[in-house]
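My questions will all concern the structure given below.
First chain written, first letter: the chains are A, B, C and D, and each begins at residue 1.
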Amino acid sequence: MFDKYLIDPDSVTDIGPADSPTGFSFTTKLGYYRGLTLSMLEEMTVAVDGEELPREAVSFDDGNGPITLDEMETTYDRRWNFGAPATLSVTYPGGFPKGEHTLSLRQRLRISYMPFPAMRFTEKTIVKE
Amino acid sequence: MFDKYLIDPDSVTDIGPADSPTGFSFTTKLGYYRGLTLSMLEEMTVAVDGEELPREAVSFDDGNGPITLDEMETTYDRRWNFGAPATLSVTYPGGFPKGEHTLSLRQRLRISYMPFPAMRFTEKTIVKE
Amino acid sequence: MASKIRRGVSLYSFQEEMFLGKMNVEDCVSFAASIGAKGIEILPEQNMPSFPNVTDAEIAGWHEMLERHGCHFTCYDMFLDTKLRNDRLLTDDEQVESIRRDLALCNRMGIRNMRVLIFVRPDILERCVPYAEELDVHMGVEVHAPWYLDHPWILRTIEVADRLGTKHLGILPDMGIFMKHYPPELRARFEREGARPEITQFIVDQHEQKVMCEYTIYEVAVKMKGNPSEVRMAETLRHAPYANPKRIGDFAPYFRHIQAKFYGMTEDCRDPAHAYDEVIPELLKAGWEGTLSSEYEGNRWVQDVMDVDSREQVRRQHEMFKRLLGETANGQEDA
Amino acid sequence: MASKIRRGVSLYSFQEEMFLGKMNVEDCVSFAASIGAKGIEILPEQNMPSFPNVTDAEIAGWHEMLERHGCHFTCYDMFLDTKLRNDRLLTDDEQVESIRRDLALCNRMGIRNMRVLIFVRPDILERCVPYAEELDVHMGVEVHAPWYLDHPWILRTIEVADRLGTKHLGILPDMGIFMKHYPPELRARFEREGARPEITQFIVDQHEQKVMCEYTIYEVAVKMKGNPSEVRMAETLRHAPYANPKRIGDFAPYFRHIQAKFYGMTEDCRDPAHAYDEVIPELLKAGWEGTLSSEYEGNRWVQDVMDVDSREQVRRQHEMFKRLLGETANGQEDA
């Protein structure tokens, strides 16, 4: 329902030393019309040019401290609120590649009233000089 | 609904000269709870040991004269009645093979109130000495 | 006060024995008479080999046979072969003509109710109303599961009937719409075909709770990785909603005949699947007048393991009807 | 005589602008007040960032804000995360506890209606009735398409309410069940995604005729070899039955709030899809008292080609409500 807004394309920033970045980060929102307890976020799969990065490479922070996707699985006392921007940090040696590349994100949400997981997806073209 | 009764296994008989049969015949019924105009019989596919015989090899006779499957397609004034036995004659040089073999029949019926064709199928083991 | 509800059978009920040549139509009628089910519903395309060219002599023969057994016709089940040709559908005019042919034959046979297949378009039926009125035949669109009385497709027929102010167009409920519990005959068949008892129990439980069928199908097919028999059993739920018996009163003015669908009766003459114990009181409350016409459809579910005994099944259903209708030994028989 | 039907909005209606940070909750309330829609339906899990640990001060802040605009709360939309954990479902006790938590917060917020998700089991709700009575909150199971008022799953909740004789359990209809015509916004979106106009016209025509949806899906997917967008459009028919508005009177005692679902209004303030012109007269005839609460859900269908203007859409819906409720300029505003 909010797929097209999942990635803020202007937020993509390298992390780590400026001369040898260890990865990049970007701002994302939860693709749902309400907030969710973190345990119900089953997947946030980041891909560069269609190539998916390992789950372990991704870390989430909605302002309450970084947490890995595995840790989120059993986090029952923390919610990602509706419309609230959060930062996904990704280990990606060298940082986001220069030039024109695609960045995509797939969120898999466990919604109790639906029989199957809800899938959200967006792909944005990022131009880095 | 009547799939298991589509072939009368005791009816299988060779046709043509006794010493060089040109094929075989058997008794069949329409797998439906009412009669149908012949144009609605889309397929009657005969197979021996799972190998389907060509459509042209098959001829139908419910007692009102033999007719090919292609001719049935445009026969709007003749019905195959509920529960009425008919003879399917099949061109099969040498006649039905000796020993234990399977004979199967698939009927495809065009039933107007159903969105898809009705499929009927039976397979019988025939032992010929 | 005696109820105005009569008992009858559809010849559809004996399809197994008739198909196999073990019963002919007179055997069916004779049996029906023996259980006080004097109203006979006929499928001319099943029971009249000369259809559609039925002669007056043949019709007279039928009436003589029925009279021998004290029986009478109640309903004519029509079909409409819109797909007669493989190159095109029947035109609207051809469809109207086919229905008119059935109405005329129905009238010649002295039958005043015609079962109309549910897929026949309401606008086609609207065009047939003048013929139905002239021939005095009520066209009842069969409300068959998964449709239900309030389904918008059915409401279109009701709308036509109301707008024309005709008494010759309405509905004809098939009691399969009141399948409250999962039929044991179906479950057993799927188990014989390889469905595991724990999965079939899950499906039965879900149906009992009236969970939306698509959820159960998804659970069985995807989450439980059900085998083909299990998935097929789950998919039967798509065809088996449970309609609210309380709606019968609202629709009673629109039907004059009922197809009393069932898959199997217990030895003590109860239907484990259909809520006749809720439906019949609603019919009585509505003062409905017409025939409960047995439609036994269990043969296909048990023929793989036993000889079908349609007579015994129909007999048991009528024992249930007598009980629910409050018939005494001498009560309904002469009605 | 003035109708007892009040107008309101669900904050769900402004999800697009709130998600994007273009409106905050007070903007929504202020706008609602400006069109005389003084009843506010809230989704705490959407609109209260501290949920479920909402403080008294926060609640007081909400009430002050509402009062500034002359508004009040009407309904609390609950959720139940039975799949909170990935290793098991919540136990029955945990489910009851979660609902009790919502009932208590609802009560603290001074709200007397709680929308219950349709998948919540009736036996779980039965266990919650004592809490609902104590806290004076009506639990209304949302009757959402493809369910309908008479659906057997809904009848189970009605049965529990009747058996307990409670006034604190019932239903809460979502007007999506009265989708009589195919929404143009959906059709246009599927066409932008590649569905061919002749196929979308076929789907619309089939829906208009109320043909059983599985038939249409089969026609489009198999016979017409529809492309993925066309098949997806056909599959939307599964979620869009059309319930009979005439049933409203029978169920009116069981609901006190209505979610007025819509996908888009025309410039002359008509809903091209939902039969409000048949539903509202039935509500008036039943003397129903409660709130028609806008639930705009069109954003997701048009956001690919235009900026969503939820306010304008909601405004148009309320123009329609005023017309159908017979509100005069000074009539309902002070009710």
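We adopt the following convention: a residue touches a chain if its C-beta (ideal position, glycine included) is under 8 Å from a C-beta of that chain, and two chains touch if they have at least 3 such contacts.
Quantities reported herein were computed from a predicted structural model and do not represent experimental measurements.
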| item | value |
| --- | --- |
| Third chains touching both subunit C and subunit B | D |
| Furthest chain, CA centroid comparison against subunit D | B |
| Inter-centroid spacing, subunit C versus subunit A (mean Cα positions, whole Å) | 57 |
| Subunit C and subunit D, separation of their C-alpha mean positions in angstrom | 38 |
| CA centroid of subunit A to CA centroid of subunit D, Å | 30 |
| Per-residue overlap in subunit C, given as positions that touch at least 2 other chains | 214 |
| For subunit B, residues that touch 2 or more chains besides their own | none |
| For the subunit A and subunit D complex, residues of the former touching the latter | 1-2, 4-5, 29, 33-35, 37, 39-40, 42, 73-74, 76, 79, 81-84, 110-113 |
| Partner subunit B, residues of subunit D touching it in the complex | 214-215, 218-219, 222 |
| Parts of subunit A lying in touch with subunit C, wherever the complex brings them together | 115-116 |
| Residue numbers on subunit D that touch subunit C, as the complex places them | 121, 146-148, 150-153, 155-156, 209-212, 214, 238, 241-244, 247 |
| In the complex, subunit D residues that touch subunit A | 12, 15, 18-21, 43, 45-47, 49, 51, 79-86, 117-119, 299-300, 303-304 |
